[in-house]
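Here subunit A shows up in two complexes: once beside subunit B, once beside subunit C.
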Partner chain A sequence: MAAQAQSPVSADRSAGAAEVSRAILIVGGGIAGITAAVEAAEAGYESIIIEKEPYLGGRVAQLYKYFPKLCPPYCGLEINFRRIKDNPKIRFFTMAQVETVGGAPGNFEVRVLIRPRYVNDRCTACNACVAVCPAERPDAFNFGLGKTKAIYRPHDMAFPMKYAIDDDACSLSECARCVEVCEYGAIDLKMEPRAIVLRAGAIIIATGWKPYDASRIDNLGFGKYADVITNVMMERMAAPNGPTHGRIVRPSDGAPVESAAFVQCAGSRDQNHLGYCSTICCLASLKQAVYLRERNPNAHAHIFYIDLRTPGTYEFFAKKVLSDPFVTVQKGKIAKVALDPQSGRLVVEAEDILSARKTNLKVDLLVLATGMESSLSESRNNGARRPGSESLRRETAPSALQAGPFRVDQDWFAGAEPQDGIFAAGCARGPFDVATSVQDATAAAAMAIEALARAAGS
Partner chain B sequence: MASKKLGAYICSGCVIADAVDTEQLAAAASQAGCLARKSPAFCLEDARLIRDDVAQGAVEAVVIAACSPRVNTDVFRIPGATVERVNLREQVAWSHPPNHPETQDLAADYLRMGIERARRVARPEPYVQANTRAVLVVGGGVAGVSAALSAARCGFRVVIVERQSELGGWASHFYRQFPKRFPYQAPQEITVADQARQLGALPNVTIHLSSKVESAEGEPGQFKVVVRTAEGTIEDTVGAIVAATGWQPTATAKCERYGLGVYPNVTTSLEFEGMAKRGELIRPSDRRPARRVLFLLCDGRDDDAHLPYGGNVSSLVALKQALYVRELRPDALAYVFYGDMQTPGQYEYFYRSVQGDPGVLLSQGQVERVAEDREHNLIVEVSDTALGPGATLEIDLIVLAAGMTPSTADGESALGLRYLQGEGLPVTKFGFADSNFVCFPYETRRTGIYSAGAARQAMDMAAAARDGRAAALKAMQSIEKSSAGQAVHPRVGDMSYPAFFMQKCTSCGRCTQECPFGALELNEKRNPVLNPNRCRRCGICMGACPVQIISFADYSVDILSTMITSVEIPEGDADKPRILALACENDAYPALDMAGINRLEYPASIRVIPVRCIGSVNSVLITDAVSRGFDGVALLGCKSGEDYQCHFIQGSELLEKRMANMRETLGRLMLEPERVQVVEVAISDYDKLPSVLAELAETIRQVGPNPMKGF
Partner chain C sequence: MIEKLEPDLDFKRRIMDLDARDLSFCYQCGTCSTVCPISTADNPFPRKEMIWVQWGLKERALANPSIWMCHQCGECSAYCPRDAKPASVMAALRDYSIGHYAAPGFLGAALSEPKYLPLLFALPVAILLAILAGLDRLTALPEGRIVFAKLFPDFYVEALFDIAVGLAIVGALAGGVRYWLALRRGAADGGRDANLGAALAHVIADILRHGKFKRCNEDSVGTRPTHQTHLYKTHLAVFYGFLGLVATTTSVGIGIHFFGYLTPWPLWHPVKILGNVSGTALVAGLAVFLWHRIGEQARAQKSTYTDWLFLIVLLLAVASGFACESLRLAGLAALAYPTYFVHLTLVFFLLVYFPYSKFGHVVYRTAAMLYTQSLLDARSLVAGAPSAAK
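What follows is the complex of A and B.
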């Protein structure tokens, strides 16, 4: 095994072009990408992860808990990170994005651009730099709720545990105070973007999802009222390492939340927005109702829905949550959201399909169960700078087409047909929950290995 | 081992030297017989010093007193030496007051513990056997055929066993499958027959039809299996097994209220598939055309539901079959009544396209009563539908959604495992193979055996096909890993495995019962026999053994006990209590690191030892600690019960059981039971840890100093 392990990955274009690479290149280091990488590597293949953020873990790293067990994502991530740390067959590049794909199955040539992190591998994560940094940036990890310094630890469980500098917020060489205090020579403000070329026998596209832009939904008040937030923001608010240290409060004034409403299908199942169902939102709102109830035993959670989608054994989770009399549901859509100037609370006007009546509800917090949009989508929506996925679509896909086509459907999810040598996994294929993404990525790893075997045999 | 050459490398970086006197630590290490070195950053250029010492033969066991073992793993992987990490950064300097005597004592204790551990740790010798690169697939439905194809294409020999006389499973009896690709409108052809043909054409595949696995014994890499075929029994050896045994329709006893089994024109979705495949759309009572067909979804939220849980696919089945009605008889009408339409993801497009069919009435609503007239027409009273609050329909045929019960649920095993713990895979309350199903869905409790398809979870055909491939990968991986003598998930790559000092074994059998993975069998003398490749290296057997005869080369009761006794217990100082914390290395230990990273402070009286699983803690360690003079012991493990978080499934649950005995033991020693506490800690609980630990320390302080101190 050792000899095979050393051979294939090389930045050298001239190295044996006919030889079939045993490496699998995985675009995206979220739960699907990580799973594909470790599962393939533990079966004896080389894995290379290309991740655009400065850390691995993707969206699940931002979640407070998983349904239905209400367990923390970091429990599984910790194991997966250990599998990566202990396995020399796995390599990963953070702040990296695929620029072009050339070659053919068995021998793809992938050009990857690595953005400057300005912090090198000498960083010990001692935190001395943060104390002296004068500049701030919106905390992208917390969806802009709260700020970090321009030099920052991506989050407190980040892997790799290395800091990064946001060059939108940092004046770089003009300041350099962090360079002075860093005892380890870990900061390099002159770091430039660099391109590398990797060879791989197969490619897995695990680019994941992004939250649908709630400000595009006119009647729900997002962006207009501070106390209208999205479900992903709610995850951060509930997390102990989030902007409120786990307190669920009204963003407008920090007051505790006595009642919250959840709006299902905020953007999903709607031909003006996302035509499909985002699969996870009903369960996510039920889960978040539990967050609220755990924090405040007097708080009331009310869920507006079209169909409560809790398929299979998830039904048990739904039953458990709904057995709490303080968690109520209403079948019906929201007509409008307004602010009651006296109380500062939100007034939610909705229909109740089962009783054929209109209802008005006053709440402290309105959580929009915004759906999952494919990261391959060209629309830029969440304010945060996430250029990786768009460039993959714009630049990778056409060149990949020459190599063995990678197709994206009208909804921006990867086409269902397997393409030789290039496979999609997880939420690049559709809106999946975590368990399904893991299953899907394991299958994609198998398909990639089959492709390597095919290429070696042909 | 006394002559082992030890090197202690004490880092002063990341404010360690601001918090503790590293000179003192280095001096203590020298005194303990170590070559001692200091550096402002061993993780940088000075890592070479360690490598050089080892290369020159000056050091065989390395003790690095610096940051957490969770970071710089690659830098501190020193070829040719065992490496022990002492966590002076996250768990001392970053979480305790600087330059405090208690902080210094803590660091000194941790260093001593590390040195003592390094002295005793041996490098594991891997268990390597000649393995068979073959995969047995049990079940020839969509998932099984897909698994077999994948393994065969990856170069493994494949044996597939199917009870029926042909491959294909349920799918081969169905008319169409759900749309699999954009725009997700028309049901698609079923392709399993084609897949089965491709499988049959591969040279390294053996297909046993009308056959059954009679027994399987052994371990990953070398399972001996006996297959009963029509011609007789065949013996074979395989490296791993995919259990794709599929599903059965859920018992329909509770569907009587809808007329199933009572009225001839009430049928199930399964029967209806067969009907459609034959091109029939008729009333079974008189074989006259069925023109009004009602599909009924009983979802699990209904108390009276015939499914123990909502169907994953029943909404989609009804939509698909409503289109069969329209295709077979364009003038016929289909009614679908539902509680909540379950069409997740892109299947929403399918739902919408069916909504556009004028011959399909889709409505929320309930069926109140089903009766029949003399002509066997069904008279159906419905409520809360689009037809109004109450309505009566005359229907030719009612189709009830058949639930999917996993084949593993009935207790009858299709695997015939000759395992002491039983013939099948341990299952959840739903009958699916037990696993940490969110993060690690394929890890069953039988190493080398992976379930796939509807036996693992209710799923549709497209998902089952992918699922089969994924399980095949896990099977191939288990063969690769066991060939190298390495563990699979979660201690991937671990080459240690438990050894038994048999002279002292009392044949109590506890280890064989408690192993969550059924790794141990009993021989004719009722002594435990290990199957190393089944072992996941959690050490739960080590925790179970009442006479402590089970140990790993690098993890044992002896090693842990030495670490415990190397802690210096201040005598006659009520302000310096000592508490031992045994912490799960996967969750509680990282949570303590997180507390440090956030500079949260917790009592410096606590000495933390990471353990592979809280279930690996042998109760003798607790009595050791209290007899040594520790004032209290905290066991920091994962959540147990139905929503368990233990990566070894049962570790924290077993600990709970052992605690009952433990409290009795404490009673005999005239010690208060409050001295030993079990705390459930999730990895994300780091924010709560300081107060939890402070409270625990306070409780123990109130109980008072351990009277056994100094004995």
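What follows is the complex of A and C.
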């Protein structure tokens, strides 16, 4: 059974330094990283996943439903977690980040820093600690919608199912009430950060994406009006295990949402923000319109688009959603948001391009369909034109990548050759949907295996 | 309805050459129209202008009140996701349209190309030299206390400028009427039911208040800096400075003709004070404009030839006026009289060519505002509501 690896340098089983390692190190434990790890391991190679969050699953774990089938992502994740648990060739480290990469293809030496979780494998997720914990933290899993205690379960179906302590919020040994109530001795407030060195023959970068910071879009009211949220927040709100237990309500007062507007390309295809199309936001908004309609049969969803991009067979999904007369689309981007003081509703303004008139609409909720940014992108100043993306490689990537094989295109990793031994997969390479990420990760696993074979043969 | 479009690609190229090259990046999202503090629900701009120019639809783009309703706050360019600079496109359309509606047309072309500039200045210089030759004053400067009337007698100056202004007004009316008729042709309802007098009163009141500039300055959708936040105050200074100088000159003319009150008037005279204060306001405003234009060269928006020409000639005309006054008071005849000659040349240039230079915005913007207001009034008549003052 592949337990979470605990002992340092346990990967270093190879006899001599010159011998080619048959391990593939995967940076990032989201759907792409998990897929690559499982595929490589099931082909007979060792996989090691390095994940910075306390759980695997990444962004997919935060989604309520997938488009176009509207099925829950937990289903696929559980199958993958089962494959990880059953396969002794897969090991993973959570709360871990790559610090440096040394060596060469066939024999990389990767230094990894593991932050203290303060909770060990004895945790049974009984929740007794949470009941006594006096400190709170913003619920990062729910994008700040609500709070958790300083000791928390990452989310309902977290894998590994172990609690964690956020040491930014916790006073540790000064309080220690959780230690007193834990019957299993699972809490260790003296845990320290530790560094380990892992050896791998090839590396897959599957660092994924983060939602674009909507507060930088200064004319759309995010951060100014409570009822302006992002699409990822909408996923959490619609999810039964989310902050509102699946009720879609106005964050300002908890009132049900009768009417919601969606702003497409909020920060994407925009020279002031992300210059590219994030590819998934149109479908995400169509999907979220269905969430709203399911929750409240009287609610209206208004989608404001520039071009509705539903490529390939996704067109059928768009047609199906738009056959609902309560889901309307308007060509023209919302560029102005105000608050109607009487009703407390938001007033959004856009030009209706097809009739060449400006339209005002009062809505309860404004969902910004924010795009996908590389997890490794730097934060930027509000409104500043984006600087050259080479800076990503220079400043935020592990040292091997700084001199490494990657070209970086608009902050995404692009272009590596098989002999380089380092590959990117999934949303580290660009804004993809889940299906594409999974295909891409499978391809990356194949390339990594090829690289191991090359290194062994040379 | 199927409509056959006649694209004029030369028009598109010429607009792009007026520093609006990025217009082809526009993907028609309408952000510009929405962030614009001036554009109305019924008539949003500048999104439609962007596609009209992209498609080379010249008549639609020009016979269009929106290009003059725009007061160039720059909000659209600041928020444009494609960096297509709609504000520059609107400025280019205004620039082009002054030449397009100019009557006679060759003057419009002459004012928009640097190569004709010497010729344009040669005309007033030749006229002024001819006057001096006729009065036999070409060879020697007048003796004694400096009185500019000794060089150019008041009668000649008045007559010359009355003719110049008269011609300019005829040209301005011709251009304005051509534009007005083009607007009417392009409109479905044409606002024919409106009371033009009432609409004009409303427009003039708005111009005097600088209501649109004020709105441009205040109604921002976000926190992003636009490059034109100085416009309201600066244009106000230039506008009232210029009006003050017009009032001064008119008063002086009346004083001379009807009361025999000969120049120079003393500095404490109210009209003289008005002139000096107005001139100072004008110079200060123009200096701010100049400073911003130089700064903007490196930033979002570049200035075209016509921008520079109008600004610099106006600034030099006022500055040379102050120079005349100072040199006269200093008693430097050898400098004062030639400077006066230069001043008259510049003022002549400014006035006689005004409908064909950027100064022509006085005519076209007023016409566009009047047209827009008359449409609003006509609609509210139909709706049975009183004229909505905005």
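Just so we're on the same page, the second predicted complex is superposed on the first by the 409 of 458 C-alpha atoms of A that agree within 3 Å, B and C clash if a C-alpha of one lies under 4 Å from a C-alpha of the other, contacts with A are read in each partner's own complex, and residues count from 1 in each chain.
Convention: a contact is a pair of C-beta atoms (placed from the backbone, for glycine too) under 8 Å apart; a residue touches a chain by one contact, two chains touch by 3 or more.
In this text the structure is predicted, and so the values were computed from the model without any measurement.
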Touching partner for A:Thr442 - first (subunit B), second (subunit C), both, neither: first
Partner chain(s) touched by A:Ala195 [first = subunit B, second = subunit C, both, neither]: neither
Subunit C versus subunit B, contacts on subunit A by residue: B
First, second, both or neither for A:Glu349, with subunit B first and subunit C second: second
First (subunit B), second (subunit C), both or neither touched by A:Thr359: second
Contacts of A:Arg269 with subunit B and subunit C, given as first, second, both or neither: both
Touched partner set for A:Pro72, first subunit B, second subunit C, both or neither: first
First (subunit B), second (subunit C), both or neither touched by A:Pro431: first
Touching partner for A:Ala176 - first (subunit B), second (subunit C), both, neither: neither
Common interface positions of subunit A, toward subunit B and toward subunit C: 269, 307, 331, 353
Of subunit A, residues touching subunit B in the complex: 1, 31, 38-40, 42-44, 64-66, 68-72, 74-76, 78-80, 82-83, 85-87, 122, 124-126, 156-157, 161, 183-184, 239-241, 245-246, 268-269, 275-279, 307-316, 318-319, 331, 353-354, 409-411, 413, 415-417, 430-432, 434-436, 438-440, 442-443, 445-447, 449-450, 453-454
List of subunit C residues in touch with subunit A within their complex: 27-31, 33-35, 39-42, 44, 47-48, 79-83, 221-224
Complex contact set, residues of subunit A against subunit C: 218-219, 265, 269-273, 306-307, 331-336, 349-353, 356-360, 382-383
Complex interface listing, subunit B residues touching subunit A: 13-15, 40-41, 43-44, 67, 70-71, 73-74, 150, 153-155, 180-183, 299-301, 309-312, 340-349, 352, 364, 384, 430, 432, 436-442, 457-458, 462-463, 466-467, 469-470, 472-474, 476-477, 480-481, 484, 488-490, 492-493, 586-587, 590, 594, 597-598, 638-639, 643, 645, 647, 682-688
